[in-house]
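So, here's a batch of structures to check.
In what follows, subunit A forms one complex with subunit B and a second complex with subunit C.
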Partner chain A sequence: MSIRITKLSVLLLSAALCLPAAAEAQENGQFIPVVSYRTGPYAPNGIPWADGIVDYLELVNQRDGGINGVKILYEECETGYATDRGVECYERLKNKGPTGAAFINPLSTGITFALTEKTLVDKIPLITAGFGRSESRDGSVFPWNFPLIGTYWTAADVAIQHIAKELGGTDKLNGRKIVLLYHDSPFGKEPMPVLEVLAKKHGFQLTMIPVTSPGVEQKSQWLQIRQLRPDYVVMWGWGVMNPTAIQEAANVNFPRDKMIGFWFAGAEPDVVPAGAQAVGYKALMLQHGAGRARVHDDLDKYVYGKGLGKAKPADTGGVLFNRGMVGVMLGIEGIRTAMAKYGNKPMTGEQVRWGIEHLALDEKRIKELGFEGMISPVKISCADHEGTRTSRIQQWDGKSWNIISDWYTADEAMLAPLLKEAAARYAKEKGITPRDCSKES
Partner chain B sequence: MFYREAGHFKDNYRADMATFPIREDRIGIITLLLIALVAIPLVHLAGIPPFAGDYFFNAILIPFLILAMAAIGLNLLAGYCGQISLGAGAFMGVGAYAAYNIAIRIPEMPLVLTFLLAGAVSALAGLAFGFPSLRIKGLYLAVATLAAQFFLDWAFLRMAWITNYSPSGSVSAPPLVFAGWHADTPVERYLVVLVFTIVVAWGASNLVRGNLGRQWMAIRDMDIAAEIIGIRPIQSKLTAFAISSFVLGLAGALWAFANLRSWEPYAFSIDRSFQLLFIVIIGGLGSIIGCFLGAAFILLLPLIVDAVPRWLSIPVPAGAGSNITLVVFGALILLTLIFEPHGLARIWGIAKHKLRRWPFPY
Partner chain C sequence: MLGIDPTKIAFFAEVLVSGLLSGVLYALVALGFVLIFKASGVFNFAQGAMVLVAGLALVRAFGWLEASMPFWLALPLAIIFAGAVMTGIAWAVERFVLRKLVNQTALTLFMATIGISFVLEGLGQQIFGAQVYKLDLGLPRDNLFALESLFDGGILLNKLDLWSAVLAAVLVAALVIFFQKTRMGRALRAVADDHSAAQSVGIPLTRVWFVVWTVAGLVAIAAASIWGSKVGVQFSLVFVSLKALPVIILGGLTSIPGAIVGGLLIGAGEKLAEVYLGPSVGGGIEQWFAYVVALVVLLVRPQGLFGDRIIERI
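For the complex of A and B:
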């Protein structure tokens, strides 16, 4: 009897030991980690974003059989928006697959900051489409960081440009009062240097009011805004801070059409909870907005048609879902660019870095990919890891987002010296010798 | 049977007062130290999983050791002196930012000295916020330390010089160099953290057995009685605050320099304070080994709960998986506290007791 039990337990134990090994038996393919958050304070925003990423990866596998025939392997890891969980996810996933992680794409400025140092050592590109450190646009100092299709500094400049246009010209900005209501964290503080420069240049009075994370308590901030009577409120918020701010604005009777959220304050979870009070609220667009393009039809056919989709089919046109898709699409096109040079096999992080740095998407290619109308042409280079500095403004009408402006382009003459200075400061602090971009091929 | 004191005769006070008076404990701790200091790095070099890659070091061992060290710091104050503090995370932050400022403003300073000075700065902050403890007790003191947490959080975000005028308020640590030795790889950083943790744990376990530790425990158990038998509450409470904050500051500096490398103020937010308090309570108030057990519990349990379905190859949707993790983690904390309110250290103590009386435990 006891021998049998011993035998049985040995069998079970060996089975248990074998299972993880069997599960980790590696398929050939390109591994892409998905570091996301579906729980925690920012889950309402994190869920559609993660759905967009996973669905697009599945689409590439189902429709094209992978990237140029190389199947995409992916694994999702939950961070709950906590930096240390994010770092743990990164450490766990970075060496998976035959060539390790192709790139990492966390939707959290905190995790981005923590990974900036680590990706450099592990040679994995860090894609932060629309967020992250603004000065990391300078690829000569930040070779591994890619703040693709828009940085916070671009956003800050475009927001002021739009205000100037609504007022009837940049000369009308003089003497106006603009409030920056920001999430009190590095992410919320990012736009400050640019807004300060612009305030000096155009002569408007800039007041910066912090909101403590997560931002459910904003009574005193809005009292201050009511006393100040600003012409505009520019809002740099994320998650629950945004609908709360809109509700508080309604409470103090601040017109919602004088509020401009930046692009992470301009999705459905930011306005829907505020109900009718959000009507008229405006926000920047990170290239794309809500709505469907040809890629969504492909999603319906190849992913949702086979029952592989993560979201509700009706939600696939949402702003954050689209953002997840666009971000990971850029990474995949970077891999494709790398494959053109190194051959159709799984790429290493270093090869992918080369690929993203040489990524160029023109109108034609964007149309082929099915993203027509969602992004403007992108061209990445060693000196410019952003690729495009354009944005539009959208307005919420209670049911959907409507685009109300033309494309704005950020003022490069104003941003370039600021970026150069910030990147040089970082390089000096970290003892980095910047690459010479003219010598990069 | 394997673990028995019979036959151990001590013929001098020195042996009687040793940190580990039982020979089996001594052998155990030396084995453990050898494993941690020698075997783990060797196994890593040999490339044997799970120690082969960086994951085990970066994601588990380094955070575990630093959190255990920070928990020792908090335990000195909360567990031994009975002063509940909700500001532990902030004092870690003071240490981290102090080390950062010293390191970038005086680059010539040896890093060990920088860390010690950072601990000293944190100790001063602890002293300043410890003064209310002379007047208020219990929950009211917890609220006062909560004020310390919020004030320091505010300072890290608002006082620009603390972050060296970084526009976004996030900073990154200078390289970890000790007398020309670059601790760059995860194993090297692990060894650095390990040495600091061993020194702190050894120092703390001696401290609490000595004069000061006994004063703290007397204050904890009944402050009026302690005062009557001649213990000065001012002195002992303030030393508890200072030494606790020193250890927390040192842990914070290591958390910043050896673990995160670049960080934003939220790394030391109220969540960190709660995490440390949970470690101390689950591990066991007033126990050094409890700090290690608690840190392992809090850090590893979510990872294990998360990993089990993966090992068993059960496909769980990512969203559901993370929610299950939260539910199981919460339930396990509740069960631990219901069945063993004195924490994991008590379970450890019971196990030891039974082993000593084996085969006839009672």
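For the complex of A and C:
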């Protein structure tokens, strides 16, 4: 017995001694951590999202030999959508690679809230494409946060714009009843300030009803909605809350085409489990939707053709898979922008932050990247870490999502003062002196 | 009617009935806990994970089989497959965990079930996948309106909820008969009272444990089928077990009728609280309100409404 234990100890010790050596001997490259969740209650949404990220990183390596010839090194870490585990992953991965993590994309608003102050100290950009803190759009107060291509506040405004359009104009909102059915968590509460302002401005009655995480049981909420008889339900859900809500809506005969989910309630895992009951349901798009572009052909050729793909080939055009690709593509283009200034070598977090802050993707560049039709042009600056405030509406027909609107642009005149005020409040709380963006180059 | 708006009465009835229907489902999950506790004195933390694994085994097997055979054949075969998986788990739990822990403290056994829970959750997702799987057992999903002659518009009921409650009620009745009327049921109760004493009178402890974990596994299949057809089979089924905790606190850990009454009280109580008290405190109270009800009962009757009062003489 003791001999076996000794042998085991020697084996473990040798392995432990070899591991750091192996890590140190790793090749030169740009390290990008992939913080994801493939297990737990939010796995059905987390898996395709993570697959899109990993497959795109692999595509850049296989097709282009990396970013301007600098190979991408990446490692995935499982958070289970838990904030504590997300922070643990961040701490474990932040110093990996020759220059540390290029950026972190936590795929969770809860983890984003927890990392906002840490990334400031560690000087690592925090990319939160379509999620995170809405006020972090203000780069003068949040230099390390990048809520690229859409914040929750943008989404809230676009949702009301679309409702107004369906009703026949903003004047028709007066006296209407709109329910916000939200996930009772920081992300679920994000749209409240904007919706409250809009309710006051347009004269509609706003009722906000929380759903306790994860949202498997919503009978009470939908009975309240049945009693209230609202004109529309705006849904701010994630994971199992979404298909459950759609089914409960059907159970109380609430029309699905009067439900508008925000862009994290508008993917295949949100509607497929609800079957026929989801037909007619609408959701916002974080710019892109489902479907394929030229980048998918490249994936087929360079990644799936070599047996390196993470997802089933048929799933690579899904909403969340595309979201994963778009999010990480923006980060990679930020690195490329930084390389144009600092040279083609692994970038530090500070250099990448500069790169993302000077990221500009016009129609031509988006087409070159193979993302034509998936996103509108993006231009990031010190004052604006969002880059574009546009969205469209899609509707589920039982088999696929169909785009049913033109592009909406969020009302900057309404959002800007709200954001400024929220960012200033945060700066005051944390003792941050905002940067003077006019002096940034 | 006493000057009360009939629509308000109808709405109250809708909330109450939907709470009672949910309560039957909570009772079904609570039964899994009660069964194992009655037979082994173990508070089985892994019951939620068992519901998840049972659901995943059922839905994946059903999906594979339905592609090559008719529904009426695929469904029973899938249930048999899920039953075999749960029986295998019961065997493994008895063989590799419980057998080593005979006569250990209740806390040790409880900690062991926490470990089993994590293993089952991880292995279940690894083997069967972590996506949302739609489960259509052919149950009707449309609505009906009851008491239309009494209330304008009637009381809205969903047929899936009604069928789920009926199935759960049938299963609960079968379990009551099994425990009260069969030889094995009596043996299970004897083991729960005292492991050593049961062994000394010739009750095969290991076999009893295997049987009870198998029965709990079958209850998990039923719970997963019903909840799975409502919300899809996915990891969140684990959280359904959390709904059972206040039910067993209220009804008593050792009582099958307690699980039923507890389920109904918690189901109705939490829905009424959410609808009538929730809006005044910001909503989202049903999750913890159920525990408030259970704790209040504990203050008055520590053994729960129907639990056995345990007196240990020194």
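The working rule: the second predicted complex is superposed on the first by the 421 of 441 C-alpha atoms of A that agree within 3 Å, B and C clash if a C-alpha of one lies under 4 Å from a C-alpha of the other, contacts with A are read in each partner's own complex, and residues count from 1 in each chain.
Quick note on the criterion: contacts are C-beta pairs under 8 Å (C-beta built on N, C-alpha and C of every residue); 3 or more make two chains touch, one makes a residue touch a chain.
Since the model is a prediction, treat every value here as computed from it, not as a measurement.
**Q** Which partner does A:Glu440 reach: the first (subunit B), the second (subunit C), both, or neither?
**A** In the superposition, A:Glu440 contacts neither subunit B nor subunit C.
**Q** Which of the two partners, first being subunit B and second being subunit C, lies in contact with A:Arg92: first, second, both, or neither?
**A** The answer is first: A:Arg92 touches subunit B but not subunit C.
**Q** Is A:Glu429 touching anything from subunit B or subunit C once the two structures are fitted on A? First, second, both or neither.
**A** After superposition on chain A, A:Glu429 lies in contact with subunit B alone.
**Q** Given the touch rule stated above, what does A:Pro210 touch, subunit B (first), subunit C (second), both, or neither?
**A** both
**Q** With both structures placed on chain A, which of the two partners, subunit B or subunit C, ends up touching more residues of subunit A?
**A** B
**Q** For A:Thr83, is the partner it touches subunit B (first), subunit C (second), both, or none of the two (neither)?
**A** first
**Q** In the superposed arrangement, which partner chain does A:Ala50 touch: subunit B (first), subunit C (second), both, or neither?
**A** Touch status of A:Ala50: first partner only.
**Q** Figure out whether A:Glu117 sits in contact with subunit B (first) or subunit C (second), or with both, or with neither.
**A** So A:Glu117 only meets subunit B here.
**Q** Can A:Lys189 be said to touch subunit B (first), subunit C (second), both, or neither?
**A** In the superposed model, A:Lys189 contacts subunit B only, not subunit C.
**Q** Check the residue A:Ser36 against both partner chains and state whether it touches subunit B (first), subunit C (second), both, or neither.
**A** The first partner, subunit B, only.
**Q** For subunit A, which residues belong to both interfaces, subunit B and subunit C?
**A** 38-39, 47, 184, 210
**Q** Spell out the residues on subunit A that touch subunit B in their complex, using ranges where they run on.
**A** That would be residues 16, 19-20, 22-23, 34, 36-39, 47, 50, 54, 76-78, 80, 82-85, 87-88, 91-92, 94-95, 109-110, 113-114, 116-118, 121-122, 133, 184-187, 189-190, 192-193, 210, 213, 310, 422, 429-431 of subunit A.
**Q** Would you pull the subunit A residues touching subunit C in the complex into a rising list?
**A** These residues of subunit A touch subunit C: 38-41, 43-44, 47, 184, 208-212, 214-217, 219-221, 223-224, 226-227, 239-240, 243-244, 247, 250-253, 269, 272-273, 275, 277.
**Q** Could you pull out which subunit C residues touch subunit A in their complex?
**A** 11, 14-15, 18-19, 22, 121-122, 125, 130-134, 136, 141, 143, 156, 158, 160-161, 227, 230-232, 234-240, 243, 270-271, 274-275, 278-279, 282-284, 286-287
**Q** Hey, which residues of subunit B end up touching subunit A in the complex?
**A** 53-55, 58-59, 63, 104, 157, 164, 167-170, 172, 175, 184, 260-267, 269, 271, 302-303, 306, 310-313, 317-319, 321-323, 325-326
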